[in-house]
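Naming follows writing order (A, B, C and D), and every chain is counted from residue 1.
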Amino acid sequence: MVILGENQYGKSRVRVMKVERHGDRHEVFEWNVEVWLKGDFTACFEDGDNSRILPTDTMKNTVYSLARVVKAATIEEFATDIVTYFITTQPQVDEACASIQATLWQHIDASGQKHPTAFMHTGPLTETVTATRPRGRSVLVTSGFTGMAILKTANSAFAGFKKDGLTTLKDMHDRLLGTVATAKWAYVSPGLDYATLRARITDVLLRVFAEHDSLSVQQTLFDMGKAALETAPEITEIRLQMPNKHCNLVDLSAFGQDNPNHIFVPTDEPHGSIEACLRREN
Amino acid sequence: MVILGENQYGKSRVRVMKVERHGDRHEVFEWNVEVWLKGDFTACFEDGDNSRILPTDTMKNTVYSLARVVKAATIEEFATDIVTYFITTQPQVDEACASIQATLWQHIDASGQKHPTAFMHTGPLTETVTATRPRGRSVLVTSGFTGMAILKTANSAFAGFKKDGLTTLKDMHDRLLGTVATAKWAYVSPGLDYATLRARITDVLLRVFAEHDSLSVQQTLFDMGKAALETAPEITEIRLQMPNKHCNLVDLSAFGQDNPNHIFVPTDEPHGSIEACLRREN
Amino acid sequence: MVILGENQYGKSRVRVMKVERHGDRHEVFEWNVEVWLKGDFTACFEDGDNSRILPTDTMKNTVYSLARVVKAATIEEFATDIVTYFITTQPQVDEACASIQATLWQHIDASGQKHPTAFMHTGPLTETVTATRPRGRSVLVTSGFTGMAILKTANSAFAGFKKDGLTTLKDMHDRLLGTVATAKWAYVSPGLDYATLRARITDVLLRVFAEHDSLSVQQTLFDMGKAALETAPEITEIRLQMPNKHCNLVDLSAFGQDNPNHIFVPTDEPHGSIEACLRREN
Amino acid sequence: MVILGENQYGKSRVRVMKVERHGDRHEVFEWNVEVWLKGDFTACFEDGDNSRILPTDTMKNTVYSLARVVKAATIEEFATDIVTYFITTQPQVDEACASIQATLWQHIDASGQKHPTAFMHTGPLTETVTATRPRGRSVLVTSGFTGMAILKTANSAFAGFKKDGLTTLKDMHDRLLGTVATAKWAYVSPGLDYATLRARITDVLLRVFAEHDSLSVQQTLFDMGKAALETAPEITEIRLQMPNKHCNLVDLSAFGQDNPNHIFVPTDEPHGSIEACLRREN
């Protein structure tokens, strides 16, 4: 006999542009929101009984309505507002989850100053959050980012690795190390100063990447995550994904030219994949 | 103190085009392979000791070398070959995982017959597999597909749902139902006739979608998954993701025109999200 | 002094799903429409005088309204309807242009027959058209397609080419030849049987690609276009873009393996680019 | 009889990462290069005679070899070097064209200063150039950018436009105006100080966009282009594409909420399309 296992439903790609109007000066927030609800929806799946199903269209309306009402200045606060709303108002829901991606905008420099109502999208880094609220428990907030494209042109090696009959890679003592990093860190409790913590964690990740004397992507990833945990006692763990976006040295010898680490071919495929979670020892 | 948690590394987007040459008739297989290895790599992360690290470049070479040697005619068999190879030859590895996406090609119809050595890519459906092999255990094979774009223009309703103060959606008794389905099903044991099973499962999913008298995406998803489990005792569970790609009826009344379900706006965002796992009751 | 040169404005990505209801059997058409208008809009650009500017929002409404009214069964007819509408109703417009991309759907095979109201998107080939109507002249219709991914595993060579000091490519007498072809052909007059002509031209392009004994992409492209012009006197010229999507033979000799044209790496970058227009000699 | 019309061939997506090593401080340039050659290649198309065809693979090699040799610090200079090389060394070529897209990297801020050998990709703006050299003439350089995502939250109106029976848009006196601008400007002669000119033109385009009191996208586009031509006598014309990426005000009245220009839905489709060329009057 067939039974229903894990399931959830929700609304994805709900886009919001919020303009805060402080007199003649504005701020803009562009958020892409996803909402998921879990609960006992067996009757819907098995019998088509929709009486416990709040439509996903209503979830979309809720995001817009809350965006108008709440004071959230960070995606962490807005995601918390969303999941709290659903847990509070929908008794048939056992767990609500909201994820938000923020596209970043900054004031345009014009005539020597930041223009108060004109903006340019900066990127490609996107800020992310996931807030999860099971019924009867406090919200769990996990912040992070995607799309941090970073590159080291010095202080990166990869040598002494295991070699087998299919290994053709040579030890490299001075290579380019490029990645497009994704990070997620979990906060120990809700209601923190998320903006300050995000800035502090992002800065330390960048600083360690820049200054690290790298023996492998793994080692650099570990030192980055370790520094984040040490700089922010408010987080319990951090997950880092750092694909190795290879820059291959071009062999110009057939043309009688040398190439002492000057000309490379950046590639997207294939790429190495390195990911790990670091946490505090209990 | 900071410790290393879950971690893995591997190679992604290793692309292979394999041409089987049966005299004057050829077959082509286009595979995009990803390999992951798990084990105790703490010394690499913490100390930069690479002596247990088989390079991801070697994993890429291994995929090409195995593609030449093995007899795999399905992605399930090739993924099994890959993980078995790594578990067998790399004692420092505790678990090997290989995922493959297959781009499908068919012979071109030319001059009234299938041309033996000319092909057209069909799509957008992509076949997928993930094979996982922990040390000391048999391989677990999970097959599926992504990108199955399907649409019902009749026999789809959504009514009787829960309404709150933010609900504006009206009951719909005759709507379009479109989705781009993703499926994954797990086999009870390795070494099965994967091609036949894949065809049988895909056919039944399509048939139930087409013939279902749908009261919700959830109900249709459930009946599809149920039919797959009933048609194939060789699978233990199936996971289906069926985002609701809304086709919104255009209101032409401002122009003095009616629109009895003829003209719609297909949209990609926002979209509903429905996903569930179905399994056999033990 | 600065003057306004060529300019145009319009609406892009207007998506339409049209369901034709023939009793219990339906047909679906998914069109992505773009409209451009040209005329003397200097006062708008230079002075912000919008009195001659029909809003792009109205163009969108027009697409929907016309979709409900007209009998067009092909994108060629619908594009013609759109440009004729704008030239007829908007005296300030000197030229109207409409481009349409059609996403293709076919009835799902279920229980041994084509299901009358369930569909699957086929692809990745997309059908295209551009209709242009200058005031006082008849419409010019250019049809075509994008995304025709095709591959030859035999009867393709590339040898005897020019070699200079930077040439490392060797003559190849048996290579894979893959492309993702784009085609556009111009009709000699409007009002033709577009569906039949499209099928005939597409078939002959595929047939020649499949059966050609290729000495270069250029030669194959030329013979394909030549055959299209010969099979369809209704077209005056055809433009073909056939990027050379290289499949590189993998060198397995370091592993003691041969590779007699069996294992290749398909690549997207870099790729060769070949494009040409063929027409009838006057 | 069928004849060959316009045709060209070349190599696309040739990616180069160039690391300039100034002692302990590095600079990185990431370029995506496309090369096109034109000439009389009829014998290749019609007869498969490749003797005048320099392989596209050689074009790729040439890009790498030149990148090692030349001193180009801008994409304008490198594109000029490429086309000059092909015109000089390939007598069978009548015209050479090179286009380059530059992905931008900046030094990472770490420990209070710019790190000399660590970089972050900034974006999404991409710098572009096309250099074209017909035999016997000097090179024509056209510079520009793609992906400049900009937004005004004040000083943007659209009113007084033409209304017909399908117009539902209301006059707007305070709307959001967002676009992802593309620009191309042609230089009057080669060998200019391209980096300084690019900075000056980009700055003035941004400044006018920010400070403009906009009555339409067209009017803002015109004033931006006019300012660019006035600030840089070295350019002869500028083409601007400014799609109108609509931010639609959300109607919250059904929920008893007002929305005085605070909450919008940003959309990608459909979008308005506005493009124009501005030049100096002769």
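Definition applied: contacts are C-beta pairs under 8 Å (C-beta built on N, C-alpha and C of every residue); 3 or more make two chains touch, one makes a residue touch a chain.
Since this is a predicted model, take the numbers as computed values, not measurements.
Greatest Cα centroid separation from chain D: this falls to B. Copies chain C and chain D of the same chain sequence form an interface built mainly from equivalent positions, shared numbers / all numbers used being over half. Rounded to whole angstrom, the centroid-to-centroid distance between chain B and chain C, based on C-alpha atoms, equals 29 Å. Centre-to-centre separation between chain A and chain C, using Cα means, comes to 37 Å.
Taking the mean of the C-alpha atoms as each chain's centre, chain C and chain D sit 24 Å apart. Multi-chain contact residues of chain B (touching two or more other chains): 15, 61, 65, 166, 168, 255. The touch graph of the protein chains shown is complete. By the touch criterion given at the top, residues 165-166, 168, 254-255 of chain A touch chain C in their complex. Partner chain B is touched in their complex by these residues of chain A: 1-15, 34, 36, 41, 44-58, 60-62, 65, 89-90, 92, 158-164, 166-169, 214-216, 218-219, 221-222, 225-226, 229-230, 237, 243-244, 268-281. Of all residues in chain C, those touching chain B in their complex are 15-21, 24, 26, 28, 30, 61, 64-65, 67-69, 105, 108-111, 115-124, 148-155, 176, 206-207, 209-211, 247, 250, 252, 255, 257, 259, 261-267.
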